[in-house]
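Take a look at the structures below.
In what follows, subunit A forms one complex with subunit B and a second complex with subunit C.
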Partner chain A sequence: MIVVFGVFLLTLLLITAFAIVRTPNLFVAVMLTGIFSLLLASNFFLLDAADVALTEAAVGAGISTVLFLGALALTAERETAPSSNRLIALLAVSVMVVAIIYATFDKPRFADPDAPVHRHVAPWYLEKTPDAIDIPNVVTAVLGSFRGYDTLGEVFVVYTAGIGVLFLLGKSTARRQEDLDDAPRGLRHYLIPRVVGRMLIPFILLFGLYVQFHGDYGPGGGFQAGALIAASIILYALLEGENRALRVLPRGLLTGLIAGGALLYGAVGVAGMLLGGKFLDYSLLADNPVSGQHVGILLIEAGVGITVTGVLLSIFHAFAARGRF
Partner chain B sequence: MELLGLYYYWIFAILLMTGFYAVIAKLNLIKKLLGLSLFQAAVFLLYITMGKVDGGTAPIFADGATEQLFSNPLPQVLILTAIVVGISTTALGLGIVVRIKEEYGSIEEHEILETDRQ
Partner chain C sequence: MTVFATLLDILSWLLLSVGGLFVFVGGIGALRMPDLYTRMHAASVTDSIAPILIIAGIMLQAGLTLASIKLVAILLFLLLTGPTASNALASAALLAGYRPGNAKPLDEEARQ
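And now, the complex of A and B:
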């Protein structure tokens, strides 16, 4: 049954992808990517990846759509020219598809428990998590503790991308502050979105915090929570105008959040060293190694959440402020 | 049933190359970025598909249960972070596109090249 449902969702996914590439109307294409992300998230959920599904739903269907729409507002809504070298491109792409499909015949079948990918390090993580870290969610354990270095790297990639967008688009927004005050204020004149949105925002925020702090026990963690909290503030900005949102979280504070989260993560690592252990060794943060792991994971997840919230909101404001002049 | 076991990989292949087609054949820069996100999504799908184990559940220990069969948590960890990194880099790409529009007045590749030649 699940396989049939999976095949159905994948086919829909493919149709949506074709439609995204074919349509000359970019607005339609961006809306379709929202649907695409939702379908992809459903697929991830069917494939037992609850954490990933949550992330994809929050990031792909929510924030990415808003960012693309922001970019469209600043550029153009339609493609003007047809594709170039269409036949050559189609030929190259078809050859690659055939080659990849030919290669799949050697691959282990879908959901095969004896596939090589399940035989190497994965069983070790599943076996060690209850003893060494003692939190139910293995994904969080691997993300926060076993592979904490990787996650630190990812946080710095997000950080760098955020700084990059601020460099590209952030210039000269400050002196336009007074103009912004006269700018049309969001959807304030539309009663229904405002009322519904106002009721939703506190619950999205609450859910974001739940996802942040419950990440050890269920699907969730800093990446998802950061996306959710950013989404709720973006919704507030869309409804009430960016000014109001900037009054809640001013630009300076957002920049502080970007750096603060990454620094918090790094500081936890350094704290481990100062206590006599290794970098990102949480065992010494509390009186016994297992609670030390709990403290460490809580802190670094908080760092991840803070940075992701700060980066996504800064990017949103950078795009939104650009459109005003 | 044997071939149905490969269906996920085939979808991956077609999805990947659909995205790639948009990157190489479309002239509009935003369309290229959309294609790039499709390409990315296809890779995510491949990883998560490989992590699935028959009869497994999400890798979260349930209270009191023993001998649970879990899907592979490792690809999930990799993709979880990759999604957030992906949106940040896409935003950076969009930022560059917006700057190009401001400087060249167009986001169509051939028009930009035309302006450069002048």
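And now, the complex of A and C:
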């Protein structure tokens, strides 16, 4: 049954992908990418990857769509006709597709218990997590502790992306800030979306915090929570105007959050070293190794959440300051 | 007890099927109706009734558990956001100059 449903979702995914490529209207393409992400999230969930599904739904379907719309407000709505040689592009894509399809022949069968990924380190993680870390969500244990270096790298990728966007787009913001301060912005004259949106924002924030701190026990963690918290602030900015959102979380504070979260993560690692262990070794952070792991994972997840919130909001404000919403 | 459980199963099955039917009808309406507002009407009205039926059906399967409480929260969220989104879409369309009663297909209208 799950296979049938998975094939159905993948078929929809293909149709959506073709529609995105075919439509000349960029607004339609943006909306379709949102649907694409949602379908992909459902697929991940079918494959029992709830953490990834949550990230894909929050970032792909939620924040990316808003950012795409922000970018779209700066350009035209219709795609310009491609001028370069399309035959070469077709050839290049065809070669890539054939190569990728050829590569899939070597993949293990779906849900094969003998697949290399299930025989390498995964059994060891599953076996060690209850003893060494003692949290129910093994994904968080792997992400936060066993492979803490990888996650540190991911946080710095997010950090770098945020800084990069600020370098590219953040320059003109100061100039435009003053002359827009009094202009009516956002959806302030749309009563119903505003009332309902205001009602929902606290609950979205609450859910974001739940996802942040419940990551040890269920799907969730810093990446997903950061996206959700950023989404609630973006909703506030869309309803009440960008300036009001900036009054709550000014640009300087957002930049601080970007650096602060990454710093917190790194500081947890250095704290482990100062206490006589290795970098990112949480075992020494508390009286016994297991609670040390809990403290470490809580802190680094907080760092991840802070950085992701800061980066997503900074990117949103960078786009919004240039556009008209 | 088993009779009761079977009855619950049948009721849940009925709710899920009727909810699915409403989604289906809404989908047909969104494709077949003549202009933007009638299309939205078809989709938004069924989108309000279908979650009620479907989530009620799932709740009967879940029983009195934490899952049911989460489902209630999801239902409340859907009932608040669905009509609001329809309202926002309709008022945005009106502001953008779409007038009700225009029977031309949307694609042609967009090309003009």
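Rule of thumb we're sticking to: the second predicted complex is superposed on the first by the 295 of 325 C-alpha atoms of A that agree within 3 Å, B and C clash if a C-alpha of one lies under 4 Å from a C-alpha of the other, contacts with A are read in each partner's own complex, and residues count from 1 in each chain.
Simple rule for what comes next: a contact is a pair of C-beta atoms (placed from the backbone, for glycine too) under 8 Å apart; a residue touches a chain by one contact, two chains touch by 3 or more.
Because the structure is a prediction, the values reported are computed rather than measured.
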Which of subunit B and subunit C A:242 touches, first, second, both or neither: neither
First, second, both or neither for A:199, with subunit B first and subunit C second: second
Which of subunit B and subunit C A:21 touches, first, second, both or neither: first
Superposition-derived comparison: subunit B or subunit C, residues of subunit A touched: B
Which of subunit B and subunit C A:281 touches, first, second, both or neither: neither
First, second, both or neither for A:301, with subunit B first and subunit C second: neither
Partner chain(s) touched by A:190 [first = subunit B, second = subunit C, both, neither]: second
Subunit A residues contacted in one complex by subunit B, in the other by subunit C: none
Sites on subunit B touched by subunit A in the complex: 2, 4-22, 24-28, 30-31, 33-35, 37-38, 41, 44-45, 48-63, 69-92, 94-99, 101, 106-111
Of all residues in subunit A, those that touch subunit C in their complex: 25, 187, 190, 192-193, 196-197, 199-200, 203
Subunit A to subunit B touching residues, read off their complex: 3, 6-7, 10-11, 13-14, 17-18, 20-21, 26, 29-30, 33, 36-37, 40, 43-44, 47-52, 55-56, 59-60, 63-64, 67-68, 70-72, 74-76, 79-86, 89-90, 92-94, 96-97, 100-101, 104-105, 107, 109-113, 115, 117-118, 121-122, 125-126, 129-130, 136-139, 142-143, 147, 150-151, 154, 157-158, 161-162, 164-165, 168-169, 217-219, 221, 223, 226-227, 308, 311-312, 315, 318-319, 322
Subunit A partner contacts - residues on subunit C that touch it in the complex: 77, 80-81, 84, 87-88, 91, 110
